[in-house]
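Please go over the structures that come below.
Here come two complexes built around subunit A, the first alongside subunit B, the second alongside subunit C.
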Partner chain A sequence: MSPIDREAHLNRWRRKPLAEKTLLALGLLVLALALKPAAAVLVASTMSAAALVGARVSPRLWFGCMAAPLGFLAVGVVTLALRVDAHGIGLAPGGFAEAGALVARSVAGLTCMLFLALTTPASDLVGGLGRLGLPSEIVDLALLMYRFLFILGDSAVAMDAAQAARLGHATARRRVMSAGLIAANLLPRALDRARRMEIALASRGWRGEMRVLADRTAATASGLAAISATLAAIALVGLFA
Partner chain B sequence: MHIMEGFLPVGHAVGWFVISSPFVIAGCLSTRKILRERPEARLNLAASGAFAFVLSALKMPSVTGSCTHPTGVGLGAVIFGPSVMAVLGTIILLFQALLIAHGGLTTLGANVFSMAIVGPWVSYGLWRLLQSFGVSVAVSVFAAAALGDLSTYVTTAVQLSLAYPDAESGVVGAFVKFASIYAVTQIPLAIAEGLLTVVVMNALSGSAGKPDEIAILAGEVRQ
Partner chain C sequence: MTPLMDVSGLTYRYPGGVTALDGLDLRIPRGRKLAILGPNGAGKTTLLLHLNGSLRPASGEIRLDGARMSYGRQALNDWRRRVGLVLQDADDQLFAASVAEDVSFGPLNLGLGEDEARQRVAEALAALNISHLADRPTHMLSFGQKKRAAIAGAIAMRPEILMLDEPTAGLDQQGSALLTEALQRLSDAGTTLIFTTHEVDFAWSFADEAALFRNGGVIAQGPATELLTNERALAEARLAPPLLARLAGALKTRGLLAQDAAPPRTVDDMLVLIAERSPAYAGS
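What follows is the complex of A and B.
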């Protein structure tokens, strides 16, 4: 259902330590947001190189994932560069410089987020949040939700295909009806599945705790040092360039 | 409507995290209480959250010709109540950022505020208000879902205009700009979402006018 999730499980950096990947991506994200546009450009190129060359993420997916956010960005930039007053629509003073900085920062931020999303499965990240002190109930809830997502997603895709084959998408009115039917049929199924799973777990003595085996690799000193050096170099450029 | 990663300046990103966190923490506390008392509710909540995520990935036609997707804000708020929705909504928004590249990590606070806090509270408040006046279920559900959706979009426009005020006309001018640009897609979406939620509720309860059955369904999760 989610090509991003598939890539996150299959890329070359899947087994790299979680701490290293998150330090790199979140560190660069903070730098891109806090420093000048020059740093943002460096962040975007570093993240793209790490994802495409290092983790061998498919370039098609990498750029494909950017399409929708870039559309949002385009609307924002237009809004920023234009002004509306009594005389009609015109270019805003200083709007271009501001818009340029916004584009640099947003694209850099986007690459950091995509790097994390495409190299690390969401379940690993949520598990990491748990080790950082997020309450175990909430972590379990999120992990269970993650597992349900794909089961329900498959059902929804199958329902959608069945409706399309029966002219369910023929008119706008039918599409709304079809979408409503999917939603209405999916919710009872979801709750029913939850009930069956609960019975299965209860019969195995479940007390409300989810224990799963996670294959974690510990962060290496050399990896952390290399990442810190990269972050420091980009920070220096951003501060003084 | 999700604000993309990196779009908000640092101060605003942090500010929205600070504003959202009391609501999410309160939601976490009440969710924990529910889960302590009835561990089995965990599976229902997880299934419902996954359902809301899948719903938001459904494509729907918009009047302007573009494809758009329902937010499930109104439906969730009416079924589960706004406090649980703050937690579910936050997890859903995190997964949307990580699994379909919608929204962002630094903008999560702002997105949570508009979509997991303001939207559900508006929907839930309207639903309760209209029900107490004896308005029919279909009309209440439509109003709750459509206006809940609209309120998330107005909130996002406010957030954007606070971050990028117009050089001359200030925050108000920027709000008019952002709001009018996004109104093109968001108003038809709100209407479509309202209609969709009525269709869902009808199908769930057999026919409109049986709030009891919705309550039974919701009773699985809502305390």
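What follows is the complex of A and C.
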């Protein structure tokens, strides 16, 4: 299973109300995009503090997840800050300010998404969408797919190891062929499994609706108030600082 | 006494024409632990799928408590409430985000209220000794834990009969021991157990009734201690006698065990028998 999913299940804020976590992350995201870059810096620090100190997300994972997007960002920033013309390479006018704003907003947005991904399991998020009115057929399917991802992922990893053991990765060409074979094999396996799962569901009295008892913590007034206050404070700083 | 479930003349062909069950007869006595023994690929799983109505036979009938089972929607719902099924691969039946959520699926499908369902979930988890895993996501469980979670999901519906397909396959010794304990508790509480296996030693130590499966039919059925010492019947089903039974037989022919000694189901039973015959051993 992926380290992100593991962290989402095991962090200290796993049981915090979904509404509070999404309000905080999405609220801050909106502020970071709408207000001045200074506010974005505040957003990034708030989110990082919430994730690392509040939810005790592993710093290694937190920064590890940031590495790839930051790499893309670095490339983008260089093209903003520099100018290539007839005189050769030079600094673009106003390029630094623009690049700085881009970095601040991007990092802020990234921390908001990461916070949500690392403190809230995907199944909680989908379940939340269901309560907001997403049709139950879509929610059930999404949850089953979420579950299937891990099962098929495990199968794919096992097949890959088996191929490697028989020199399926010996050359680049062979590696591509091996990957194709895995893809071709996963489909019938997935169908087989789906059929067995259908039998299992029917054996447990399934009548077309996936109902389970989910233990949810309801959002608290104090929690929502604290989050709103945080959002308001950052908004004020962003508007007037 | 009429058996709890009575299967007669069951015939089933896979799409494509291969005959899986061929006029199969089976009696499932109430409150017992029935082992269905046979080699891999003999059709044991196909049989279990018939016993809760998941597959419909081409001919033959299944009676539960004397009443012939039918395949209407309502009848099937009722059937599956009374006869639970645990598949060999637990991943096939765990689908919810957490163990407790998954176990609640069956009770809610029975139309139980939230409190009652919650109660059933707690009971089922306690019966399998996995209450501490209630909030664990199902994909973060070990193989043995998944197996017990899947069984909890079945017993939360309080079936009269619980069917398990190869329950010990792939389990390590501890996982197997924990599972056997849990199944014994269920049996003590009155649940009739049916399980398929190709492990004669497991059937010998755990089952009280056995059926030998071969070529789509049951070739012999009877009390485990009798049937599993019947070498001819076992050979016909391509199975070897249980180790403890063979050992006891050999010791008897050499006069090291009493001729009328009860068959030892466990190593401890065997040690007691040896001690009875050889005081020197008991003293050592």
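Going forward, the second predicted complex is superposed on the first by the 225 of 241 C-alpha atoms of A that agree within 3 Å, B and C clash if a C-alpha of one lies under 4 Å from a C-alpha of the other, contacts with A are read in each partner's own complex, and residues count from 1 in each chain.
Keep in mind that, in the parts below, contacts are C-beta pairs under 8 Å (C-beta built on N, C-alpha and C of every residue); 3 or more make two chains touch, one makes a residue touch a chain.
Keep in mind it's a predicted model, so treat the numbers as computed, not measured.
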Review point. In the superposed model on subunit A, is it clash or fit for subunit B and subunit C?
Key: fit
Review point. Angle subunit B-subunit A-subunit C between C-alpha centres, in steps of 10 degrees?
Key: 90
**Study point:** Which partner, subunit B or subunit C, touches more subunit A residues
**Key:** B
Point to revise | Touched partner set for A:H9, first subunit B, second subunit C, both or neither | key: second
Exercise for review: Answer with first, second, both or neither: which of subunit B and subunit C does A:L144 touch in the superposed model?
Suggested key: both
Practice item. Mind working out whether A:A184 is in touch with subunit B, subunit C, both or neither, as first, second, both or neither? Key: first
Check your understanding: Who does A:G133 touch here: subunit B (first), subunit C (second), both, or neither?
Key -> neither
Practice item. Could you look at A:R207 and tell me whether it touches subunit B, subunit C, both or neither (first, second, both, neither)? Key: both
Exercise for review: Identify the partner contact of A:R193: answer first if only subunit B is touched, second if only subunit C is, both if each is, neither if none is.
Suggested key: both
Point to revise | Nearest-approach distance, in Å, of subunit C Cα atoms to those of subunit B in the combined model | key: 11
Review point. Common interface residues of subunit A with subunit B and subunit C?
Key: 1, 5, 144, 146-147, 151, 193, 197, 201-202, 206-207
Check your understanding: Can you list the subunit B residues touching subunit A in their complex?
Key -> 2-7, 9-10, 13, 28, 31-32, 35-36, 39-40, 42-51, 53-55, 57-61, 63, 70, 75, 87, 91-92, 94-95, 97-102, 104-106, 160, 164, 166-169, 173-174, 176-178, 181-182, 192, 195-196, 198-200, 202-204, 217, 220
Check your understanding: What does subunit A use to touch subunit C in their complex?
Key -> 1, 5-6, 9, 121, 123-124, 127, 143-144, 146-147, 150-151, 193, 196-197, 199-207, 210-215
**Study point:** Sites on subunit A touched by subunit B in the complex
**Key:** 1-2, 4-5, 26, 29, 32-34, 65-66, 68-69, 72-73, 75-76, 78-80, 82-85, 92-95, 98, 102, 105-110, 112-114, 116-117, 122, 125-126, 135, 137-138, 140-142, 144-149, 151-153, 156, 160, 172, 175-177, 179-188, 190-191, 193-195, 197-198, 201-202, 206-208
Review point. Quick one: in the complex, what on subunit C touches subunit A?
Key: 49, 52, 54, 76-77, 80-81, 84-85, 87, 89, 91-97, 100-102, 104-106, 108-110, 114, 117-118, 121, 135, 137-140, 153-154, 157
